[in-house]
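Here the chain labels run A, B, C, D and E in written order, and each chain numbers its own residues starting at 1.
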Amino acid sequence: SSGSKDGASDVDVIKVWTYPVHGNYKDDIAKSVAEFHAKHPNIRIEYELLTWAEGPKKFDVALNAGSPPDIYYHGVSGQYVDTGLALNLDPYMTAEIVSDYLPGVLDKAKIQGKQYGLPMYQYQWAWSANQRILEEAGIDWRKIQKEGWTWSEFKTEAKKMVKDLPDGSKQYGIVTDATTTDFIEMLARSSGLVDVVDRDGKFIWNDERMLETLKFIRSLVDEGIMPKETAAIDPAKRVEYFYNGKTGIASKGLPYYDVMLETRAKDIDAGKIKGEKIEHVYLPIPYKDGGKWQATVGGEGYVGFRQKDDKGEQHAKNTFLVMDWLTKGVHGGNSASELCVPFARQSQIDAFKGKDSRGKPHNKIAAEINQSHGVPSSDLFVDAKVSASKKKFIEQAQKPMQQALFSGSRTPEQIFEEFKNKGEQLFR
Amino acid sequence: MARVVFKNVEKEFVDGNKETFIAVKESNFTIEDKEFVVFVGPSGCGKTTSLRMIAGLEKQTRGDIMIGDRVVNKLHPKDRDIAMVFQDYALYPHMTIRENLSFGLKNLKQPKDVIAKKVKDASEVLGLDHLLDRKPKELSGGQRQRVAVGRAIVRDPQVFLFDEPLSNLDAKLRVQMRVELAELHKRLEATIVYVTHDQIEAMTLGQRIVVMNKGQIQQVASPTDLYQKPENMFVAGFIGSPPMNFIDVTYENGKVMMEGAQFVLPEHSVQALRAYEGKKLVLGIRPEHLFGEDITMGVPDTYSLTSTVQVVEQLGSENLVYFRVGERMITAKLHPDSDARVGQLKKFLLDMSKVHFFDVKTEKRTSI
Amino acid sequence: MARVVFKNVEKEFVDGNKETFIAVKESNFTIEDKEFVVFVGPSGCGKTTSLRMIAGLEKQTRGDIMIGDRVVNKLHPKDRDIAMVFQDYALYPHMTIRENLSFGLKNLKQPKDVIAKKVKDASEVLGLDHLLDRKPKELSGGQRQRVAVGRAIVRDPQVFLFDEPLSNLDAKLRVQMRVELAELHKRLEATIVYVTHDQIEAMTLGQRIVVMNKGQIQQVASPTDLYQKPENMFVAGFIGSPPMNFIDVTYENGKVMMEGAQFVLPEHSVQALRAYEGKKLVLGIRPEHLFGEDITMGVPDTYSLTSTVQVVEQLGSENLVYFRVGERMITAKLHPDSDARVGQLKKFLLDMSKVHFFDVKTEKRTSI
Amino acid sequence: MQSKGKIAVLGVSITMLIIWGIITIIPLYWMIIGSFQDSYADASMKISMWPEVWSFEPFSRFFDKTMAWRWLLNSLIVSSILTITNVFFASLAGYAFAKLHFPGRKTIFWILLMTMMIPTQVTLIPLYILVIDVFNLKDSYMGLILPSIVSVGNIFLMKQYMSTLPTSLIHAARIDACSEFGIFYKIILPMAKPGLSVLAIFSFVFHWNDFFWPLLVTESEAMRTIQVGLAGFKFADTTDFGAIMAGATVASLPMIVLFFALQRYFLQGITIGAVKG
Amino acid sequence: MVQKLRDHMWAYIFILVPVLLFLVFTLYPIISAFMMSFQRYHVLNPEWIGFDNYKTMFADSVFYKSLWNTFLFTVCTVPVNIAITFMLAYFIFQLRTKWQTFFKAVMYLPAVASGVTISLVWFAMFDPTKDGMINSFLGFFGMEPVMWLSQTSTALFSLMLMTYLGSHGAGIILYLAAMGGIPKSLYEAADIDHASGWAKFSKITWPLLKPTTLYLLVTGVIISFQVFISVYMMTQGGPDFATTTIAYLIYQTAFMFYEFGLASAQSFVLTAIIVVVSIIQFKMFSTDVEY
């Protein structure tokens, strides 16, 4: 900010807004910054840890007011680029940095071929399962981790887990929530519809495969594999089903669940909480029979910005320098390591070579296999207008409709019609 | 049957500084059914408090209050069948005058046309008919007071309580209202308790008058009795305007002696004052029982005083002439045509048949 | 210099129903510096409104008001150097009596000891000294009114405005206060404007009296002039209690004729009434200028009326005797010792030197 | 003293009050109970109605892991100042709108009132630009305070309240040579005590609980208010629920204290004895 | 004119600070927002597009749906809540001082509980399983569990229910303060006038509380027309737009779609509606009560 300029004119202040990416990130980033300051006395990093719940709002206001921070922790987004304030990093991308990134990773922070962010790790989403329940139902989860499974296979297996529990409640095959949108998106993706739009920005959720996806989801509820109150389940509630052993699979899982469940097990041992210790199994999303395994992946890390009153080229360079610093080596690697996801940069791998990584080995391997089936979101390829329309579609068609789907207040056919209409209206 | 009885009623207030103040002391009286009783007394003597206790708005600290034959100590005001004019009016600020007047009747579920008629009649009597659609804020002080009166007189309760209901009205209106209230009393046959500072009101309206002072009842009597036989100096001095004159005298041997004069008393007075032989007494005489030599109205000049006129107040219908006897200032109410000038040495005649004697210490009337 | 002048002042109110009401009409008068002027008039005639306009609390709709030699139309009340007693008291409820009394003085930045002294003096005069630490809600009605008066008299302004300041006080206190106010006037040499319904107050305190009716000024004159030469029937009937009697008469040939009697007028009256030959007139005579045959106080029996006594009111210091002449009820104020019984056929003597004649139409006094 | 009907009415109303009281008090109860329960980490965030083990751990964790004292101090400074300014300026303006008949009174009041009706979502960005960029008040007490010095809602509340006070007292004070400000300060304010104390507690609670603006304006940890700090006290892996509840409980204490300190002024028939009529 | 200003100088001084602050911190942002409503907003280069935003808005069926929801929500909550508030305040007012204090605290203090706990309570209340608070209550009468927030038929009602059962403390305290300000003498006069409890309530208390009621009504309508937090927290506008209120739509438009111009246009239409409603309320409830 301009205020710090007059304090020490030769010190450039770089503002970073980040999040508690993982449990120890607060300490890790403090260390990274300290080291950076030691190396670059003329650059000062001012960082702020936002909260997951409210941070995005704060950033949105700042961005649209024209004064975003220089660096923000997030995936790249067409919306950001469209403001004209996202910093194009291409001029600063040295060969050294490019080659430090593992193949394909940098692409996950490009929009229409231009680099706007530097990924810190490769994220992915799939499902998480309760090992005990899987095994009680006689499911060979190791095979699924390696080879994936189809919708019909999934259905057969999931049905085995459905039963009445002694306390009168029910155990389900899978539980999802009606608030987040990924369940439908992931299943649609595994039916071959990579996204709401394809890479050319064409609306593709009007494809018959979408209707089949919707029907498939509805059948899960109808056949009792999912609870009939699914429409009313929120993410916290979903986790509650999972923790309480009321479901074999929780939709939306991360390899990081290993770490979470480990902590929880410790608390149970310490008597702080009551409950069953759960062994975590990371499972891929089943794909449509006859189709192929398509995983949801991406890269998260730091995105660069300039401000309405641009602070000049040197400042931009410094910004990039800090971004690079925070993503490379041990500074960026700790996130991948903590979150049990694949590293993004060679330097990260080097920094963590030989160190104990967290998480169960079989889940790690499963995550790597899953990663290899990844298809990036269309957002990275389409222009800002399409990307905005897509967002609108999600908010104004997908979200309202998915609850209707779960609650049964609309049939899959009606919903599909609604999708087609809304899609036509938005992507004309 | 709406007798109102006070039995040893006392009222204590605790004010903001936690000091206890006795507003009404050992009050005992009976107001008979259908009687019109007037309360008078100096400002702050406990008249309003007594009224409020009858109404049940203030709970007595001690003693019992009866209305009819019931002890009403615990009866809610609204169940006492009372109408009241508040000293501070307490008009409903958000209602029009019409609504103010009809509120009580509506609560009694009287038919609409009866209400309309009563409100019309009362507002005509009170000269409020053109103001019915205004709010109290838009009225003059006297008009507000009339609304307060109106609110009571439209009702038909067992007991009326009036707390200085005419104080802010002009003389003419007051005379008119007095007549109206007297008629109301006759028509409704209700018991009426009436507080006033206006002596004429008290004398003309009251069948009996209760005189209070400092929370204590001094005398309860009919207007004439009160005027002619005040029981103590307080009552004597309080009733009558200008008030009764007091002259310090010594009684000796059938004679009263005062500064500058001494009179031989008539036989019946001598009888009564036997016990005061050689003692000091206070002689009381009302201003209208003093005459000038010029217009004597038939009073013999046996008893006379001579003194210098200090002040003359010409009130139109009479002249007030002030002069001194000893330390005391004496007032004579003379006919407006009588000659009296300041500084004049004037002879005043006393109507000795109208004098009163009071004990110096107890201030009580001697039995004359 | 605190002359108060009204020049064509009018005040219109618009009430809640959007109706315009003229409270004060074309008001013109001058109150001289240091003068004590009393406003009287029936309830609702515009007295308070006039006072409030002088104070600047109400802005006149038309016309100019001057205080001293300045037009004060636009002057803020606090800059007019005025003290006022409000008809509704307007005491500060959150302040003790002491604080209420000293508030104005504090605002004028008077030294503490001066304030203390003034408050002490005033509260003694008003009999409030033992109540100084109470809040207004802990006082009786009369005590509150005294606080309102006290708040004004501690001040030393150019103009005092008193709006019925003694209406809730007992007779004795009122007399006392009257004397105090008269002294205050002498001591402070301030202009005083005083509203009252009490005729005695008006007559004794006012150097001049302003009589208002329905927003209009009827007459401005000294008390005696007002009493002896009322300019119209309204003033004649309003001043004096009981009010002046009116008798319908016809003038013819030096004689007035009324129901049941006819009188030959004295020469000077005949002169004055020449224009009314053969016409109807109203004769006015005050109750105290009617006498019974028994106690005549020297009035010759030349002019007499005989009528049946309808009502007798014994007020102690006098008897009011009512009888009829034609349609009109006539009141005579007789000495308390005069004999008068209801139903008695009684002869009343008129003091013809004290009668007034009024035009039937204009109700104005004929030049007599 | 009371008739049967009255007792019945009283019974019904007390029953209603108790039922309603229980419903409304639940959140508060849970907050307090939750802060003595050390069974955090359960993502379902279930709290029992009565903890099996009482523990003060959450409190110590809350104070150890955060700059809680500093946040509380910040909140105290900001809320106190805003409470004072709001009470003062809102009552001043409310008095003017209620009792002083100046030209433009209605128009100005309505313009002010209308601004209350515009959703904040759309004025947020311009306001942010103004405060952060133009006045450069980021991360400062000024930035927290300046835009909220007095709110229209509070002016409206005070106007409504003041309109019921007897005008004749204002007149009396004018005659008593009191300045216009003196009238407000010495006559109106004392009489409006119940209204003022209600406004004070409302303002304080509002600003103490205010979250979004402090979130936008503050950056450094040391400038956070308690609510922003509390929200930030969530970690990526687990939510230390007990400590959050403990924090919330601590954060609510000043409001509770203030409530009890002011509540005796809420109910006062303060104008009794002022005027006749 | 100048003279007039001088006459009322003090009044202007009294409102000076609020008005100045208003000009800077309210009017300026409002004017900016108003200009935005004719632009395609962009931080760096906004584009003037005339009435396009308004046209877009009026062509959007969700906009009408949200208006209707908001209207329904307002109509069903504001009067009911004022009634509840008033009733509770009136009940409390009958009690002795100590109990008054107690209930005032009980009713008001939950307002100090943090948002986290409050939302927790609500989620527990509306829990769709049979263990949910409301559902287990219904289950007690043999009724099936209801998915309160997740079916179109009950979602909006659930949000209304939140306001009914939520804290009325602020209103209660305001009413109590106003009730305390009514001169006791009026009730004494009413007692003398034979007023029953109901008559005192309906003819004295209620009319004299009109200034407070007006305040609660106007602010209640404003808040209700701008209802956002509960929607955001509980339903995110769903299911199937059943709870999309205009304020939530504005939020979405602005902060999800970054269409600040359109959001401004929506806001000003909303404002216009509130202004009209408020004027009506002022007309209906503006009696001046002065003791």
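We take it that a residue touches a chain if its C-beta (ideal position, glycine included) is under 8 Å from a C-beta of that chain, and two chains touch if they have at least 3 such contacts.
In this text, all values refer to a predicted model and were calculated from it rather than measured experimentally.
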TODO: Name, by label, each chain that touches both members of the pair chain B and chain D.
DONE: C, E
- [ ] Treat each pair of touching chains as one step and give the shortest count from chain A to chain D.
- [x] 1
- [ ] Write down the pair of chains with the top C-beta contact pair count.
- [x] D-E
TODO: Return the chain whose centre of C-alpha atoms lies at maximal distance from the corresponding centre of chain B.
DONE: A
- [ ] Let me have the rounded angstrom distance from the C-alpha centre of chain B over to the C-alpha centre of chain E, please.
- [x] 59
- [ ] Calculate how many whole Å lie between the centre of chain A and the centre of chain B, each centre taken as the average of the chain's C-alpha atoms.
- [x] 94
- [ ] Provide the C-alpha centroid distance between chain C and chain D, rounded to the nearest whole angstrom.
- [x] 56
Task: Residue numbers of chain E (touch at least two other chains) - done: 7, 183, 185, 208, 255, 260, 289-291
TODO: Would you give the residues of chain B that are in contact with at least 2 other chains, written as numbers and ranges?
DONE: 76, 87-88, 91, 141
- [ ] Mind pulling the residue numbers of chain D that touch at least two other chains?
- [x] 45, 124-125, 129, 166, 211, 270-272, 275-277
- [ ] Please give the residue numbers of chain E that touch chain A in the complex, ascending.
- [x] 41-45, 62, 123, 126-129, 145, 147-152, 236-241, 252, 255-258, 260
Open item on the list: Can you tell me which positions in chain A touch chain E when the two form their complex?
Closed with: 57, 60-61, 63-66, 79, 82-85, 178-179, 229, 231-234, 236-237, 308, 388, 391-392, 395-396, 399-401, 403-404, 406-407, 409-410
Task: Partner chain D, residues of chain A touching it in the complex - done: 1-3, 19-23, 25, 46, 48-54, 57-58, 61-62, 64-67, 236-237, 239-240, 243-244, 256, 259-260, 263-264, 267, 272-275, 308-309
- [ ] Please give the residue numbers of chain B that touch chain C in the complex, ascending.
- [x] 13, 15-17, 40-44, 48-49, 87-88, 127, 133-135, 138-143, 145-146, 163-164, 167-175, 197-200, 203-204, 223-224, 227, 237-243, 286-288, 295, 297-298, 313-318, 333, 335-337
TODO: Would you tell me which residues of chain D are touching chain C in their complex?
DONE: 166, 168-169, 171-179, 182, 186-187, 190-191, 193, 270-277
